[in-house]
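Chain naming follows the written order as A, B and C, and within any one chain the residues start at number 1.
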Amino acid sequence: METIKPLIQYLAVLCLSPLLLGIINRVKAWFAGRRGSPLLQLYFDLYKLSYKTSVYSRTTTWLFRAGPIIGLGAILCALAALPFAGRPGFLAFDGDFIFLIYLLGLARFFTVLAALDTGSSFEGMGASREIQFAVFAEPAFFLSLAALSKATGRLSLSGMFLALEPASWQAAAPALLLLTAALFIILLAENSRVPVDDPNTHLELTMVHEVMVLDHGGPDLGFILYGAALKLWFFGALIASAVLPRHSGSWLYDGLAFLAMMAVIAAGIGVVESVMARLRMIKVQYLLMAALVFSVLALLFQTGR
Amino acid sequence: MNTFAELTIVFIILLNLALAVSGSLSVCIRLAAVQGVAAGLLPLLAAGGVRGRAMAFAGFIILLKGVVFPWLMFRAREKTGARRDVDPLIGYPASIMLCLGAFAASSWLGSRLPLPHSSVAYIVPASLATIFTGFLLITTRAKAITQVLGYLVIENGIYIFGLALFVEQPLMVELAILLDVFVAVFVMGIAIFHISREFDHIDTDQMAELTDWHRPEDAKW
Amino acid sequence: MVTALLTLPLVAGLAAFIISDDVRRRRLLLWTAAGHSVLTAALFLQRPGAGCGTSAAAYGEWFGLDELGLIFLGVTSALFFGAAIYAVCYLELEKRDPGEEADEGFIFNNAPEAVFTGCLLLFLAAMTAVTASRNLGILWAAIEATTLLSAPLIYFHRHKRSLEATWKYLLICSVGIALALMGNLFLGAAGLKSDLGLNLDALLGGAALLDKPLLKAAFLFLFVGYGTKMGLAPFHTWLPDAHSEAPALVSALLSGALLNCAFLGILRAVQICGGAGLADFSGGILLLFGLLSLATAGLFILGQRDYKRLLAYSSIEHMGIMALGTGLGGGAVYGALLNAVGHSLAKAGLFFTSGLILAAYKTKRITEVKGLLGRAPKTAALWLAGLFLITGTPPSGIFLGKFLILKEAIVSGRYLVAAVYLVFLGIIFSGLARIFINMTFGNRENQATDEKVFAEPRGMVWPICIFFACVLGLGLYVPVWLDALLNGAQFLIRGVP
């Protein structure tokens, strides 16, 4: 059983992650007073996309086709190292958090390349913005994980969250609070949620992430949508593990608490999206800089202790 | 108990950074006031047991920094019609990076100073960083009113520093210090009013008449 | 006695705000100044036994006068008395003829006389508190109070330039003094283990117990803080502006009394450092910044175009000399203190004289003041006399101070310091002499033929004459009681007789 548990966890992640977007949309609909799309809408979309055929422009090369696949592959690989409810993923090793950051970077790199490969000016613009945001988001992410590593004294992501206990919240509250805040901002930025980007916009000029994938269709778009859902899960899980340090020892109980926390985080994102307007493009960098500052402060607090 | 004090310290540091990036004058005044209130609350959180005198003194500080100073500043702002931005002479990203660098440097400095061990972590670096932020506001903002604001932030920093060292000053001294700061802000407020009337603006970077570094164009002197 | 000394100007200052009649207010100023001087003189007489170097009787925990405080109190009080006499005439003149800025030709108003007189008296109260405080916290508060109370004095002439000067003064000094507060906190922390507090006597008594690194930090902060107020070189930027834009008598008080008060703040820190065995550390810093101030003053005096700024830079020079003398230690401390006394009197006289020149010529530009000897002979004579006194030409008391400092530098083998000191004194002398002589002699172009000789009011001339006579007398003969006081003060600073 113990050897299968990580696999079960992994499968649960793969199955449940599209649900998060459903929750976010329902919360937003509730705030707006609408009925909203069904909770399982993304599953229907993915099913629909899977039997369509992809259309490729004659100007594109293999890079365009490789983008979605590499993006999905990278995030699948990253999820394998991610702990679930305080239990290590099956790919955990010392220093894996650096590996994860590079995997996400790789996914971003190929998404951007695929966007540029179309030769469309809109997609180029989206790619440029994506990279501009990443300039702040990536170091912030790296530093916040470094601070977490410093706070717990472990080098693997699973080890960090395993070592995180209610007592460590008491001892290092400022650092942990700061890095959780940083992670939440990074989550919003990396998953193109509202203050940074608007997933529902239909104007190419204002899009960031969506405009990069305009030319993808069929299973390729399905890969991208699914990859985005997994990425949301990835960041949500980091936050959930950080704020839920108590481990009862029961696998089922811990797992359920963890899933509930994920649902709460998704609802939180929905609330943020409902009460906030999207920031002006020029202000976004300040938000990301705030994340960077939070993580730097968290690291400073931890190193000086 | 100290967890709350440490969170207050984090809050104060974040307020420093917010002061460095915030472009609106009224927001800056409020941020400085909130910082003063947080600094006033700090001894109550850090000391654990709350004594009568400390309580009364903290209440006085909070009243002064949270109500009286912002009121004076808003009055000065309204009288001079300085409603716009703070007019930074350097960019906001540069300001925030300087602030962050200052905090890193003060952490290093705080770990080197052989200060009496404080039960609240990071109080010394936070105070030094606050003082630095005050200097930043004074030197890189054009308006006279933001310079007064910088003075207030420096004062906040020194107050926190005093808490960090747990230097118990006689009440008379503390009151004299507070009175001085109060009068300083008051007098500066009056001066700002005069500046706005005399110069039609309160940008101090245009106060360049008195200098010994003469430019070639006024060589007739 | 000290209480009376403190409350007299305080009450009179508050009363001055209320009194609406000009003549009565001026009389109040004069009598308060006289009363303050009489009380101070009584304190001098009351002082038991001369030269033993013990700190004088403390009047409670907060206030008390030792030799050091007494010297500075005496100077302040004498200066204020002179300034009060000068002020009565000055205010009379200003009332008749509210100014016109000749350099730029705009007309301005003056601040209400009640505010000016009131602030002047409160300023005296604050300076008295500085000299008499026995607690470093009170000392800090009093020095900050002097800044705040003198700001309205600088802004007496209500125009742009004086406002600019006032703002710079207010902000730079307030921030500087805020740093001195940090120094006080460090000092408190240094004595935390032995629970010394900030009382000067307690600190001096337990100086050996102080935490050395923290004491060093405290000294640095106190030095930068009070050094800003004192006008030492890299922090001096407010000083020429404030001194040039303030009315002459305020400049005189700022230069002669206020800078000394800030110097007293530094001296207190030096005293504590000396007690803790850090005299070399504090001395080195004083030496460095003293020389830097000398150099700065020398360079800016050479190209100066405004005679009040010229005097201000000369003040920076003397502050540098005083810091240098204190830093050298030994007999130089006596010289520095003598220099402080002499400089206060001579510089106050010079600023008073500059007020007369300003009244006669309506300009502060050096190039436009020519032939002073023909236009205002008495003023010209005073101006020249002032030059020789302030630069320390032999019979002047300042010469004695400067000479003692030079002697100590040579005796202690610091030839480089002595050389730099001499070079800059020479530069400053030649710079000052060139400008002063150009102003006094020479012919004025486009001189009106029917121009009458400028008539100086007697009340404005007499204080200058007396101050100059005192400086001269100091050079010829240091009275026994003053010698005892200076020796006692030197003992306080150095710890050895």
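One rule holds for everything that comes next: a residue touches a chain if its C-beta (ideal position, glycine included) is under 8 Å from a C-beta of that chain, and two chains touch if they have at least 3 such contacts.
Bear in mind that the values here come from a model prediction, so they are computed numbers and not experimental data.
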item	value
Identity of the most central chain, Cα criterion	B
Chain whose mean Cα position lies farthest from chain B	A
Chain A and chain B: spacing of chain centres that average the CA atoms, whole Å	39
Euclidean distance of C-alpha centroids - chain B vs chain C, Å	30
CA centroid of chain A to CA centroid of chain C, Å	67
Parts of chain B lying in touch with chain C, wherever the complex brings them together	113-116, 131, 135, 138, 144, 147, 151, 154-155, 158, 161-162, 165-167, 169-170, 172-174, 176-177, 179-180, 183-184, 187-188, 191, 194-195, 198-199, 204, 207, 209-210, 212, 214, 221
Touch list for chain B against partner chain A, complex	3, 6-7, 9-10, 13-14, 17, 21, 92-93, 96, 100, 103-104, 107, 110-111, 121-122, 125
Chain B-facing residues of chain A, complex	170, 173-174, 177-178, 285-286, 289-290, 293, 296-297, 300-301, 303-305
List of chain C residues in touch with chain B within their complex	62, 135, 137-138, 140-141, 144-145, 147-148, 151-152, 155, 158-161, 163-168, 170-171, 174-175, 178, 181-182, 185-186, 188-189, 192-193, 197-198, 211, 213-214, 217, 240-241, 244-245, 300, 303-305, 309, 365, 367
